[in-house]
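What follows is a set of structures for review.
First chain A sits with chain B, and in the next complex the same chain sits with chain C.
Entry: the complex of A and B
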């Protein structure tokens, strides 16, 4: 029970935040943070635990976003059904692509997933008839579930953060189980893992699909809450950002994703007045953090805690 | 015979590493596979466990030809192994390492794990208990919470053995388990092997430490240049002129 206290406190904090700062612009930022927490958690599972470097997470995110946008706007799907259709089709894409690609290791896998991401992005650009092409997709209807229409940032805030917390919880459960141990074993030594009876291909693809599903779900939520999407969402820099988020927060900590996303998505807001130097400052912060805290921020906090408590 | 190897051959780009090796392992015995460096012992092991596929010949386990099975399926059938260069999962604790060994004997799938269903909790409890039991068996009961990477080499080797035992194998292949161990640790290892045999587990052992081999093995197979040159009890092998020639030269 005592172990649940930090989680409960955190949930309470998230719940109270909009009450403490009503009408603040930061609620909008927090909606974006929550969205990216969902997608980046998949990367911690896939890269951190299963050890499979993927550079197409942002493309899966964009696939989810476009699924919702196109199905809702052009085919008048129920919003929830469109979201589910997006998740299912992204999962199928991840399976079809992952089965051959996940046989590769290390740099080769990273390059192959990079290719997958580029293909998805260029398809979204070239299928302009459906997607609006490079100009993007405008005026996506606000999310409507069972008659309730999400309009304000606060409404999206609660929806997205409840989903984000569920995703974190589910992922933590997976990690602390036979399945998570199998993934971590594959990362540690795949030959030893296979000798212990672990079906390597099966667990790699499971991790890849889960991570794609999280990205797709986050993309759908983003499409509705932002009402505008473009193929730029699938840029390589966004996939790289997901990995930076995970490393910054603390790889293999799951909840470190919260810290990593909060920092990465707040920097552009905080450094608004230094717009020209934003990328440079972000880069410097990253280099310093990685040099002095390779375990990430939550990794450091846990290390200090472990040292204090015998 | 729990394991039967027939005409096993492996050719690497024209170079024959193992040539028509045949032998059987009786259930519940310790059989040793010895030979000079480069004789093809590890290659033979890798063909039995499926890490490499045989060019010719068959591997039969409990009456079933298992040539086509990948390593994890062979493990599922009951063949486990340790490695010459210890292979641990360095970022997991000793306990978690051994719990990975319980993978085959538990069933939690993705959904049960994600929702932390009672099945998952029961499996976790079962795996933890079993792992602690095996760690105690090899004498690492008090090291369970340490990261595998931080254990001494001898301890890592024992942990690897515990991990293997946690998978409840019928046959364990030990690849040079005494390599890098000091005299006292080797003594302890020999005791452990005999204790494992007492549990009804069959052992196939590759080892260079002849004192240990002579002490624990029920029967010895000698290979040289990929070919079997002798087979017999430790006593017979000790006095076999071909074996003496192979090891000492003429």
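Entry: the complex of A and C
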């Protein structure tokens, strides 16, 4: 019971936040943060626990976003059905791509996933008839579930943060289960894991699919809440950002994703008036973080706590 | 009609050789650093951009003659490579593949950001190195700059191959990557050699950028895609192999231009990676990888 207290306090904090700062622009930023928490949690599972580097998470996110946008706008799908269709098709893509790609290791895996991401992005640009091409897709209808239409930022805020917290809890449970331990073993030493009878191909692809599903779900939510999407969402820099979020918050801590996303998504808001400097500053922050705190913020906090406890 | 088809094909092939040579130069610089330090440098494309931008600034801004600008900016980008190693790679205490990939990507963002501050968002171009009329060959015409590009690749790859395979110092530098500790016990100055390798890696990358500056425009973020394709070329040819880098680069360049020209522009940025994925599934060690690793 005692271990649940921080989680309950955090949930309370999240629920009270819009009440504490009504009408604030930051609610909109928090909607974006919540969306990316969902996608980045998948990366912590895949990269952190299963040890498989993926540079195409943003492409899966974009695939989800476009599935919702195209199915809802052009084919008049029910919004929830479109979201599910997006998740299922992204999972299928992840399975088809993952089966051969996840046999690779190290930088071969990195360049292969990077290639997959680029190919998905180029496909979205080329299929301009359906996707609107490089200009993106405009005027996506606000999310409608069982007659209720999500309009304001506060409504999206509650929806997205409830989903984000569920995703975090589900992921924590996966990690603390037999599956999670198998993934950790693969990260540690895949040959040893295989000789202990762990089906490494199976667990690698499971992690890849789960992480793609999170990304797709987040993408669908983003499409509705933002009402505009473009193929730029699938840029390599966005896939890299998701990994940075995980490393910044603390790799293999799950909840560190919250800290990482909050910081990475606030930087552009805070540096808004220094637009030209944004890129150089983001780069320098990243370099310093990786060099001097590779364990991430939550990683450091946990290390200090562990040292204090006997 | 047949003649037209032929000249079109020749045009595509020469365009392919040109961009292929650039990918080869990126891959050579990438391998150069990898072979001495085992660092996977994804910021190689930014060295390319910095080479082009520095040369254009020295030539057009400071009015230096082209050969002087060329040599000076090669040295400058080489020095940026050294600074890159000294302040970004070397402070890393426990280098893992994940951290190195992220760190070099972070460095790439940083270098792009700095270039944006210096040169802004506008594209720049340089005049051809030697004033010549465009060359005609089988009905196709192309810029004489192509000869410079191809010449640079030939000279660079041959001298790198000779240096690392045949000379004593080259072998000593390779030993740094195999086992840095054992190498330093044998009296090899590992730190100096790492510095030299980053200087050469930066210089080769910069040279690639200068070679294409007269053919295509360069923007602050124009090196990234070429860098990634160069990385793909290095992996395609087998990471660490110099002949592999050249073959990988040329193959990608030709594939890209032929597929874009004859099939669809969809292949412009994707064919390199489609080919790469195919090769990796069939032979995960690349085309030219030595069997001993």
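By definition in this document, the second predicted complex is superposed on the first by the 310 of 310 C-alpha atoms of A that agree within 3 Å, B and C clash if a C-alpha of one lies under 4 Å from a C-alpha of the other, contacts with A are read in each partner's own complex, and residues count from 1 in each chain.
What we mean here is this: a contact is a pair of C-beta atoms (placed from the backbone, for glycine too) under 8 Å apart; a residue touches a chain by one contact, two chains touch by 3 or more.
Computed from a prediction, not measured in an experiment: that's the story for all the values here.
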Touched partner set for A:213, first chain B, second chain C, both or neither: neither
Partner with the higher number of touched chain A residues, chain C or chain B: C
First, second, both or neither for A:196, with chain B first and chain C second: first
Which superposed partner A:173 touches (first chain B, second chain C, both, neither): first
Partner chain(s) touched by A:243 [first = chain B, second = chain C, both, neither]: second
Partner chain(s) touched by A:159 [first = chain B, second = chain C, both, neither]: neither
Chain B versus chain C as contact partner of A:85, first or second or both or neither: neither
Partner chain(s) touched by A:188 [first = chain B, second = chain C, both, neither]: first
First (chain B), second (chain C), both or neither touched by A:287: second
Chain B/chain C common contact set on chain A: none
Chain B-facing residues of chain A, complex: 170, 173-174, 176-182, 184-185, 187-189, 191-200, 206, 210, 252
Residues on chain A engaged by chain C in the complex (per definition of touch): 47, 53, 100-101, 103-104, 106-108, 110-112, 114-116, 118-119, 122-123, 126, 236-237, 240, 243-244, 247, 276-284, 286-287, 290-291, 294
Of all residues in chain B, those that touch chain A in their complex: 49, 51, 70-72, 75-76, 80-81, 83, 87-92, 96, 99-104, 106, 108-110, 112-116, 120, 123-124, 127, 163, 167
For the chain C and chain A complex, residues of the former touching the latter: 40, 88, 91-92, 94, 97-99, 101-103, 105-114, 116-117, 224, 228, 231-232, 235, 239, 264-266, 268-270, 272-274, 276-277, 280-281, 284
